[in-house]
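There are structures below to look over.
Consider the two complexes below, in which subunit A is the common component and subunit B and subunit C are the respective partners.
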Partner chain A sequence: MAGSRTSATEVIGRGHPWLSLAPALCVIAVLFGGGLVLGLAGSFGMGRGGWSLDAWAAVLGEGRVWRSLGLSLWIAFASTALSCLIGLGAALLLRRRFPGQGLARLLFQINLTIPHAVGALGILWLLSQSGFLARIAGGAGLIDGPAGFPALTQDRHAIGIIAHYVWKEVPFIGLILLANMQSIGDDPEAAARSLGASPFAAMRLVLLPLLRPALIRAGAIVFAFSFGAWEVPVLLGQSSPPALPVLAWQRFTDPDLAARPEAMAIAMLIALVSALLIRAAFAGRS
Partner chain B sequence: MNARARMALGALLIAALMAPLVPLALWSVARGWFFPQILPATWTFEPWMRAFAARSDIPGALMTTTCIALAASALALLLGIPAGRALGLYRFRGKTLVELALLAPVIVPGIAVGLGIHGVFLRLGLTNSALGVVLVHLVPTLPYVVFVMSGVFANYDAEAEAQARSLGAKPLQVLWHVMLPAIAPGVMVAGLFAFLVSWSQYILTLTIGGGRVVTLPLLLYAQAGAGRNDQAGVLAMLSLAPGLVILALVARQLAGRGMTIGGTR
Partner chain C sequence: MTRLTLDTLDLRHPGTERPALDALSLEVADGEMVALLGPSGCGKTTALRVIAGLVAPDAGEVRFDGVSVGHLPPERREAVLVFQSGQLFAHMDVAANVGFGLRMQRRPKREIAERVAEALAQVQLGDLGHRRPHELSGGQRQRVALARALVLKPGLLLLDEPLSSLDAHLRGEMRALIRRLQRETGITTLVVTHDQEEAAVLGDRVALMLGGRIHQIGAGAALWNRPADLDVARFFGGCNFISGRSSGGGFDCALGRLLLPEGAPSGEGCLTLRPEAIEPGEGENALTLRVIETRFEGLLTRITAEGSGLRLEALMRAGAARGAVPGQDVRWRLPREALWVLPGV
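Let's look at the complex of A and B:
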């Protein structure tokens, strides 16, 4: 690999990697960087006659914002923990041969390609009190009417939202872990087994530590998404308190334009949480 | 765990993952399917006929979504292949920083940057336009293409380019006859998944398109919100289709590699 690298520099030596990187980096800088900078400036009241801390003071002093933040953190923690746990289980299940393994692996990937909006609507029609599961429960004589079925969507604990993220992200985590298991191979575990470790101990003490870096990064991606996505809580969430991204959008589309700086401030809060995540999970990687 | 237990658990897992698609599919072929009916009383293709009737919004949204996704993925490839080559082949100062800068748009949620981008585009006159939506879709798609292509170029033998050059090939000939055939499968995967990522966007489309640019996901929620569940069911099936086709096309190439960034967001 080192050889091909040096020769590559000679071949394309007319330029520098920065030349090929420049167009992509410029686009990201203008769109993404520009978006962040203008969002930040907007939260300080830029474009509305001078700078002020009013929006930040209002947002940080408002109980509703903190309740929304708490709800979004709960959604993100629960979705990430469950996705990682079930995703790990699924990967452990699918890595060994069994009849139908190939088909199961293929079907396992389908959710990755499904748009979140489609999945969220499917979850709503599956789990709501007049949804598919409630009808099956009714048909089985378990409940008398829709009110007899537990509220799993638009509920206080955001169960529907979490169910959606787990449904969508288990295959994501599972496939990343499967790919990692494939490159790790069976040798480390086999070595532990030959030294007398039980299968479970070999998995816990040898395989899991090897999978940890990949699991942390994949988990960070799931956390950031389930914390900041809009289309899922807007459909599956209760109206009060709304998830933080839904609250930001409400302020952004408020007929009272004075609410816009507050929308920007909430958007910056969301960006801040994801920046902390990137720092924790990705910065300083080899 | 024996093979039979694995089979049972595997079937359970797949059934749970497929379950939300069942009511969507059923609504697309049902008329008036309400509690407590478990299955529709009337099965009909009427929702599909209505979806493609003259006064329906669905064909237009299908066209808009397809064109935007094609344009966004083409642009992402154009910008992302050179960048992926630089990241895959070279080691240079600041590379980690570049990777982090390209990773950030994947992690930071759309709404956090979308509201600010709306401000940028307002000044450029790009809001409420399909062009603006195409450009904003570069935020999620471009990093995706760069990372896939950097993986492709990390396994690419640049020695062949040197040999072609020493045999007298011009740079463009090298690009066309040596590099492109070698990276073509990777370009296909990157392009198809950039298409899917754009196809699935919601909040960035809504923020920049301002409701004027109506893509399938937006129409899906509008129809479901208006109680036209049969039309929403059709829209859901239409939205699923490209993903399934693409998966069938690239399933073999993905096995083992995994989708590095992780599907559609």
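Let's look at the complex of A and C:
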């Protein structure tokens, strides 16, 4: 009896969880859910005189869309894998105590504050065939002219785009892992060491599995962003095939309004693939 | 099994004023179980970590069987530390947790499986090998942590507050289990605790640690009844301290001459007796005191009484305490065998 009275008081006192969440849920539902629903409706031709699957059929039947999808998947997978790997390594180094640790952490985090577009311009200035590195190579007599420098931006393999995402996301992954390591503490590894594990074995068999959920979560965010964002591929990517978000943006801004539903279908495709892959990553975890 | 020697260990954590270990010396005999008792913050867990090799001391030496192990990393010391929280690896099942150390020793899979089953049976968890740590109760988790250490047959077992996370009922059970396993295996064991009762039950000897060093070591009863100094007496709940002079088997103080037990130190000093040792009634060392205050503390009642300008505190059961009414006189007997003199205090 006492228990049920307490829970009744709690419900009255704090309100039902759904009720408490309602204001935030409303904003999310209207802004994000609404956008999604309108986008989906647009892809089925809503507002253009009836519903149809034409836009989806056109998009899925177009080779260029599939090539763009392939390129975007490559960009997202490569950026996520490299960011996770380097971010993990950096976090493992930065968690140790050493003189100047505070400064090192600050420098590590600093590019979190730089906007993507600015970072992408920086990469362009650094890596393009007329960029800083190319000029140094030219000055040192290593190459004859801009064409002698390997194409690292607007290139087939999207190296410039991946370099930008890695540069930008390594601190993000690193920070999440550092915070996670702080809450895990040293004891799990200490327990492993006391049971006979070498420092490397303790890290591999105990610390890394404990960090895995956080790494997957952070990786999913990086994947979703690098798969769906368009400003960096616009600045650093090749024009054919463009990354999938760039293709959606091109169709959306096409003077021919008939291309709009296709833009919506591509955008929905991006959201769908992203959601499915992230779902698979989380399922693999458990 | 291993004989453990701690030789004047010093350790100061950076940025702290008081040292965590202050010339800490301790000898634990082969096969002995010593309880390292102390209040929180006295450095006892730090001492365990130094012995396990997880923390390096600023000075001093840790020796196993007389040989210094200062240069050995934790994984190469013959000591296993069982953490207060158990520290089971959440991503492994119970059997993998228990077999972890054997896996590190690259033992064959079959041997690991056999020894894990044996260790789990020892702690009465034979059928839970496939469970995950989060599916276990607090007591079961602690037993798995114990099995994980015992399966390695270490020379030295270090237990850090193994019972503090358990409720009273489980604590008694686990205490008996630790005691039994230690007797059966004969592994030299150092168990850290802040609980006096636990220390007395678990330890062949109890070492009281205060402020980073051992103040007294001996059988549990000796520390309770024959404290070496004022700090030890206070830690064990001593609250009656009377200054005076001990000579010829008696103690002269403001209360008159009290008869002392045999072997009590002579000279200027401080007489101490535990509050629960005071009895109501007549006899040897009987005094008349005026009751100042009584306070109900559950099973016992704490009575403060005054005589010749000195205050004494007594803890009595309800029946014995009934006669004590504030403002009235009582006759209390201070049993000779319960008195002890702290010389030079």
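Keep in mind that, in the parts below, the second predicted complex is superposed on the first by the 257 of 286 C-alpha atoms of A that agree within 3 Å, B and C clash if a C-alpha of one lies under 4 Å from a C-alpha of the other, contacts with A are read in each partner's own complex, and residues count from 1 in each chain.
The rule is short, and it goes like this: a contact is a pair of C-beta atoms (placed from the backbone, for glycine too) under 8 Å apart; a residue touches a chain by one contact, two chains touch by 3 or more.
Only a predicted model underlies this, so the values are computations on that prediction, with no experimental measurement involved.
Q: Kindly classify A:69 by the partners it touches after superposition: subunit B alone (first), subunit C alone (second), both, or neither?
A: Neither partner.
Q: Based on the superposed arrangement, let me know which partner A:161 touches: subunit B (first), subunit C (second), both, or neither?
A: So A:161 meets neither subunit B nor subunit C here.
Q: Is A:130 touching anything from subunit B or subunit C once the two structures are fitted on A? First, second, both or neither.
A: After superposing on A, A:130 lies in contact with subunit B but is clear of subunit C.
Q: Between subunit B and subunit C, whom does A:35 touch in the aligned arrangement: first, second, both, or neither?
A: first
Q: On subunit A, which partner touches more residues: subunit B or subunit C?
A: Touching more of subunit A: B.
Q: Considering only the touch criterion stated at the top, classify A:196 as touching first (subunit B), second (subunit C), both, or neither.
A: Second partner only.
Q: Once the two structures are fitted together, what part of subunit A is touched by subunit B and by subunit C alike?
A: In subunit A, no position sits in both the subunit B and subunit C interfaces.
Q: For a test of understanding, state which residues of subunit B touch subunit A in their complex under the given definition.
A: Going through subunit B, the ones touching subunit A are 1, 3, 6-7, 9-11, 13-14, 16-24, 26-27, 34-38, 79-80, 82-83, 85-87, 89-92, 96, 98, 100-117, 119-120, 135-136, 138-139, 142-143, 146, 154, 156-159, 161-162, 165, 171, 174, 196, 199-200, 202-203, 207, 217, 220-221, 224, 229, 232, 236, 239-240, 242-244, 246-247, 251, 254-259, 261-265.
Q: Where on subunit C does subunit A make contact in their complex?
A: Against subunit A, subunit C makes touches at 49, 52-54, 73-75, 79-81, 83, 85, 87, 89-91, 100-101, 104-105, 148-149, 152.
Q: Please output the residues of subunit A touching subunit C within their complex, sorted ascending.
A: Listed in rising order, the residues are 187-188, 190-199, 201, 205-206, 209-210, 212.
Q: Considering only the defined contacts, which subunit A positions touch subunit B in the complex?
A: Within the complex, subunit A contacts subunit B at residues 1, 3-5, 7-12, 14, 16-18, 20-21, 23-25, 27-32, 34-40, 42, 47, 90, 93-94, 96-101, 104-119, 121-126, 130-132, 134-136, 138-139, 145-146, 167, 170-172, 175-176, 178-179, 182, 218, 220-221, 224-225, 227-231, 235, 245, 248-249, 252, 263-264, 267-268, 270-271, 274-275, 277-278, 282-283, 285.
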